[in-house]
Amino acid sequence: MKVTRRDWLVWGAGATAGVVLSPVPWKLLGDTSIWTQNWPWIPQPARGPLEVKASACTLCPNGCGLRVRMAGGWPVGLAGLRSHPVSQGALCPLGFGAHQLIWHPARLRAVRHRGGASSWDEARAAFVKACSEGPVGIVDGFPGRAASSVFESFAQKRNGAYRAVLGPESQALTPYEAWTRVPARNLGFDLENARTIVSFGAPLLDGWGTPGRFSHLWAERAAGQSDPQLRLIHVETSLSTTGSRAWRRIVIRPGSEAALASGIARVLIEDKLVPARGPMPLLTLSQAAEQSGISADAIRELAHTMVASQPVIAIANDDNPAIAALNVILGAVGSRGGIVQRSKPKHSTISTADLRDMRAVLIDSSMPWEFVPETRAEVFRFAAWDGGPTRADWLLPTPALLEDLTDMPTAPASAIETYAIAAPLVAPPTGTLSAAQFLAEIDPAAAPVEKIIRARCDELLRGRAGTVHAQESTPVTNIATAEKLEEQLRNGGVWVGEPPRAAALRCDLKEWPAERPSKPSARSSAWAAPVLPPLATKLYEESNLLQPVPRRNS
Amino acid sequence: MFPWVDGFHWTFGHILFLSLFFAVVLVITATLISAVNRTVKNLRTQSAAELCWKSDFTELPDTERHCRHEIAGRVASRMCDNAFDCRRCAKYADFAALPAAGMAHDLGLKYSNDRFYHRGHTWLQPNEDGTLTVGLDELAEHLVGKPDSIRMPAIGERIETNGTAWRMTKNGNEIRVRAPIEGEVVETGGPASGWYLKIRPQLDPADPVTLRHLLRGAEVRWWLSRELERLQLQLRTPNTAPSLADGGVLVNDMMDAIPEADWNNVLASTFLEA
Amino acid sequence: MASAALADRRWIARSEERSSLGRFLLWLAPWALLLAAGVYAGGLCLWFGLNQTNMDNRFAFGLWIFLDLSIIALGAGAFFTGFLVYILKRAELKPILNTAVVVGFICYSGAVTILGIDVGQPLRSWFTFWHPNTHSMLTEVTFCITCYLAVLSLEYVPILLRNRELRKLPSFLIFEHQLHKLVPVLAAVGTFLSFFHQGSLGGLYGVLRGRPFAFREGFLIWPSTFFLFILSAIAAGPSFLMLITAAVEKVTGKHLVAEDVYRRLGLISGTLLGVYVAAKSIDTLIWLNVTSAAAGVAPWRYYEYKPFGTPLLFIEIVLLGLLPAFLLTFRKTASRRGWLLSAAALACGGVLINRFVMTVQTLALPTLPFDEFLTYTPSWQEVASFGGVIGYGVILYSLSYRYLPLFAKPKGDQSHVSLG
Amino acid sequence: MSARYGMVIDLDRCTGCGSCMVACASENNVPSLPQASDRTGLTPMLVRRISNGKQDESRREAFVPILCMQCEHETPCVSVCPQQAVEVDKATGIVMQMPQRCLGCRYCMTACPYHARYFNWWDPAWPAGMEKSLSPGVAVRMRGVVEKCNLCHGRLHSAQEKAAGAGKREIDPADYVPACVEACPTGAIRFGNLADDNDPVSQETHSPEAFRLLARIGTEPKVFYKSKEPWVRALADGSGAEVKRG
């Protein structure tokens, strides 16, 4: 029969009706909708036994205690370790996302020489050659580690220079070195016992020192109280988080912290608020007021408030001597709730040789990415991540946190001495070496990190002092062998020394140090890694909480 | 939605809401189904042709729906409202009684007084044996000439008044010829035989009402002259103008003679297509 | 071309005069372009997700919802005319019944299409039928709109089947005939559904106690916006029909509808608009003095944010409410085509503003005291997809006008024959 | 017996460090998409900086952690969801979001006065290998659905499993602590069972310093705030016009 247009119309109509009435389209709809609920390309979390391990964060010198949740052999979550005596279960916001840094797109996975691809052999050859041609400088961000002593001894042998670059917390303690003859690394702020804390721009609540330490103090003794046990007076040039949360907030002209300190000191002495312990500042009160941009009365009022509730301590955000001198006037040096000596000075020979004269400079991964040595030497830059353009001839990939064996000595500015070990929880990517491992390969005679750590545990054991804080705390005297001690520490235990003997610190300040304006610190926060955890980057971008930092790698 | 679906609660809200919803769905589907159902029934019974015709009739342009009595000059102006089925027309008798107009002038068309003419240009002639012969009238024959193909109904098939009698094609035009009367096909002819169908009518042809709806006698001439006028208007093209201007003799096989004309419309109005 | 023109002519009713095929296609071309752009933009949104739009967590609804609400309100003419003709037996409106159905079908199908793009997981849209939450206004809307779209399609079918070629199939013609006889039932169902979903669309915002600017007290489960939306929709629907019809007459240069039909529509539209404006004013007063105070917000604070503010309120209620209501009912103005149409335009504008205020302004205003007033500009994808709907509408309407009996012939009622 | 988990957030203790945000995102497998902005990102826990509007020395700032308030009465998002993708868990009082049932109509987002709901505008994605760091027990949400804080339901689940393993009915409260609570260095966010009158947190909600955001719209959140500072307490009702976003 002949097919006419009419037939087509009828069939078309019939077909449409038929299909719609049949279950086929609905079944298809159902299946597709279920399919959309798990697209094949949506990542699924790892299955596998969940285990929790304790360790220490190695991204900054504060070495907060880490509780690492692991699934399928990979870290899937970080949290603070409550048993840690200093960090007390807290982490900085960056720390909570740090386990993802292992996978950061900017992770360095191969040796690079002046932007081009290279190999460890070439790097090693170049470094050995450099060593044979002249002295090498080694720059360390977290002094006092086993790795640091590897650096130190290597530099010594090559009569090079070992240079430890300190964060603002430690820098604030350097002026006392001259007056107390105790190296800054053995000093600390006894915040725990202070009643009044005057911070000259130090971001006490925003990345100063060990995050958990001051925030706990503040939360327990100050937060929201009109007359707090712990009075936080924050001197700053523009509103900061710490300022907004402080008990009192003083706004001064940029760079006039020293002037204000002098003014306060003058008032303290003139009004006999303190027994005269030191020289009179050079600045007059009116000069101080004029420089700092607040009235003389305000300075006087501030001085009176400071001594109203003692002990009182002033904390600078740099190595400004005037503020240190203020502490001397306040009698805060060597007294409870002031600047205390937390440990005996160890014989350390920090050479003062200048990096400029070096043939080669090795920068450890513990140094912030921004750090660029003022030298024309060949620069060997160790880092786990590429933080963007920098002046380095060699980029050498190192293990990241949780991948490398590191010991973490006392945190900067801490009043008590601690010692922790971060044991590797996951294998580092192939082709990564830490600076210490690199040097050990070159100088097999030198003691490797493992040996030094063991030696230190042995030392701690022989010292018969202190306690190891883990789930339960054990006095060192109850620990049989160094192996046992090291094992405990490797499992996240923290050794804590005896409380500091404050009186033991003697300080004599002849004349008031020369005025100089405070310089903004080289290291704004303790964070040392070249990149941020992606989630932290997200936090910066998706909230008005924190300002994006230039270091960010997206 | 259903008790067995996760998350279903037997709350008043659910019951009220869903019963309302299903009621609505039910009504809609019921409407659809009943429409389909009735359609099928109509198609099965014979009423389909009538329904279609009535629907088509309403779509005819006004000019093609004038009452036969107006054409015959009995009334001034009247539109048919019975779809050309005078058997149903209540007013028929009254109009038929009125005097018709005088003789129209002679046309070039032959038509016989003993034939009945349908508005769809078929004629019908009663035979002695009670059957009726159906053919295409002269105007239509002139128009179509020799059709390319013809589809005749099967013998014994029933056809309906104004339904399809047979189909023809010419130069790609589908032509559906409407049946002048209902009945059963007893024999089929064709152009050659001068007639197309022999029908045994359903009703008695002797009964005057049976063929009342068909034109006869003088009416036919008036009607044909109107149809010619229409053709003149529709086919007014240079080469045809003279042949029709004076109602002169129609050329044979006009569809071949004047292919450029709008035959779709011409045929539609000739064979009463919507 | 000639043969195409002939073929095209076969599909056009014999008694109708239509422009040449060429001119018709020329007319369609720009709209087809618009439609194509819309399809492309919509495709982008479906394939790459809603990040293609400028909506965000705060502006979770944007241009699309605003325009959906608007065209659904304007499409209300369809059900309301049906209601008047079949339920209230107002035969004089029959001439525009078919065009009303087509306009309604276009509005609703367009809105539903856009909603399909607007949801994040279109493939799961049917979940609403599977796990309906009967407390949600959106469930009501989804159910009603789906059903009503079905109704509109059923009402559209008879018009479609009366096309000159399609009718040649007896089955189609009979089906048309039978369906047409049942259309009153559909009209009744449509009325029921429309009253509900027009209302629920208003309820959508009225129930948001989290948005004090939109939240309204109400009657039983229905906030006052429920009833206001119904009123404004049935008030604007006839006006929109007038505008469409007038536009078609302008474009085709034909006189399609008797003057008194316009006046009748105007009167209906104007009267309802008057009632609406009164109700709306009372509602606004209650909100200003009672509702918002109960929610602990200073109502006038909401009107401090520019560009929205009290001027918008004035425009919505007086300029685009009271004024057209007056113009449409007042004999002197209503009898003048120009006045009538501009009044109708104002009325439609009023409904648009109202839908805009309810959707966009509600989201722009802060709820938390430390929120800010946010603004949002739709992305080109959003605009284009909606342009597509407009293109689709014009094309579908033009086709319907060309090939279907949209405007029943002026001579009496011929739209359908009754048996015997 | 059924619990009513809730929080008291001491705004005086909040230093705005953001630890809770990162901890939350990490725990709940929130992707860190570079293309996301402050208006299109997923921040189930969002700390917002507010100030008393002053610009001089008297300017004070505070930080308000915003998360799902777990509204108890006429929960706005629950009643509006067209397909029951949001429900209040009777046993815990937690407002549960079921992403696999959500069709992404975002009506709940317009309903939430706290802007605590977020839409997945993009496909979730992580840098190569980083998916290994996803926290187990929390499914990744697909594009086109709404999500929000569910008080670390994954942790509740594992706590329940642990309890069941030990043959106990009730979970040990120590086993169920949301990530943000665990992360807060100042203990500003406190979490507890408000149905238990002996729970210190439940008692804290009755302190005169405690308040709820937009309490007057009557959604009765189970997340309380407290502060001694009057200007911060002005947040309690929407009329705190003097409080501006930082």
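Note that the chains are named A, B, C and D in the order they appear, and that numbering of residues resets to 1 at the start of each chain.
Please note the rule applied: a residue touches a chain if its C-beta (ideal position, glycine included) is under 8 Å from a C-beta of that chain, and two chains touch if they have at least 3 such contacts.
Treat the numbers as computed from the prediction; the structure is a model and nothing was measured.
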Problem - Most remote chain, CA-based centroid, reference being subunit D - result: B
Handout entry: Innermost chain by mean C-alpha position
Key = D
Completion exercise
Cα centroid separation, subunit B vs subunit D, in Å, comes to 77
Exercise for the section: Can you check how far apart subunit C and subunit D are, centre to centre, with Cα atoms defining each centre and the answer in Å? Expected result: 40
Practice task
Let me have the rounded angstrom distance from the C-alpha centre of subunit A over to the C-alpha centre of subunit B, please.
Solution key: 98
Exercise for the section: Could you please state the distance in Å, as a whole number, between where the Cα atoms of subunit A are centred and where those of subunit D are centred? Expected result: 29
Problem - subunit A, residues touching no fewer than two other chains - result: 36
Practice task
Hunt down the residues of subunit B that sit against at least two other chains at once, touch-wise.
Solution key: 7
Practice task
Indicate the residues of subunit C shared as contacts by at least two other chains.
Solution key: 121, 124, 127, 130-132, 135, 139, 171
Exercise for the section: Spell out the residues on subunit C that touch subunit A in their complex, using ranges where they run on. Expected result: 121, 123-124, 126-127, 165-166, 168-169, 171-172
Practice task
Would you tell me which residues of subunit A are touching subunit D in their complex?
Solution key: 36-39, 41-48, 50, 69, 71-72, 74-80, 89-97, 99-100, 102-105, 205-206, 211-212, 215-216, 218-219, 223-226, 239, 241-242, 244-245, 249, 251, 533-539, 541-546, 554
Practice task
Name, in rising order, each residue of subunit C that touches subunit D in their complex.
Solution key: 49-51, 55-61, 118-122, 124-125, 127-128, 130-133, 135-139, 142, 204, 207-212, 215, 294-298, 301, 362-363, 367-372, 374
Fill in the blank from the handout: Seen from subunit C, its contact residues with subunit B in the complex are 6, 9-10, 13-15, 129-132, 134-135, 139-140, 143, 147, 150-151, 154, 162, 164, 167, 170-171, 173-179, 182, 185-186, 189, 192-193, 411, 414, 416-417, 419
Problem - subunit A-touching residues of subunit D, taken from the complex the two chains share - result: 10, 12-13, 15-19, 21-23, 25-27, 29-30, 32-34, 36-38, 41, 43, 46-49, 51, 57, 59-63, 100, 123-140, 142-144, 179, 182-183, 185-188, 227-229, 245-246
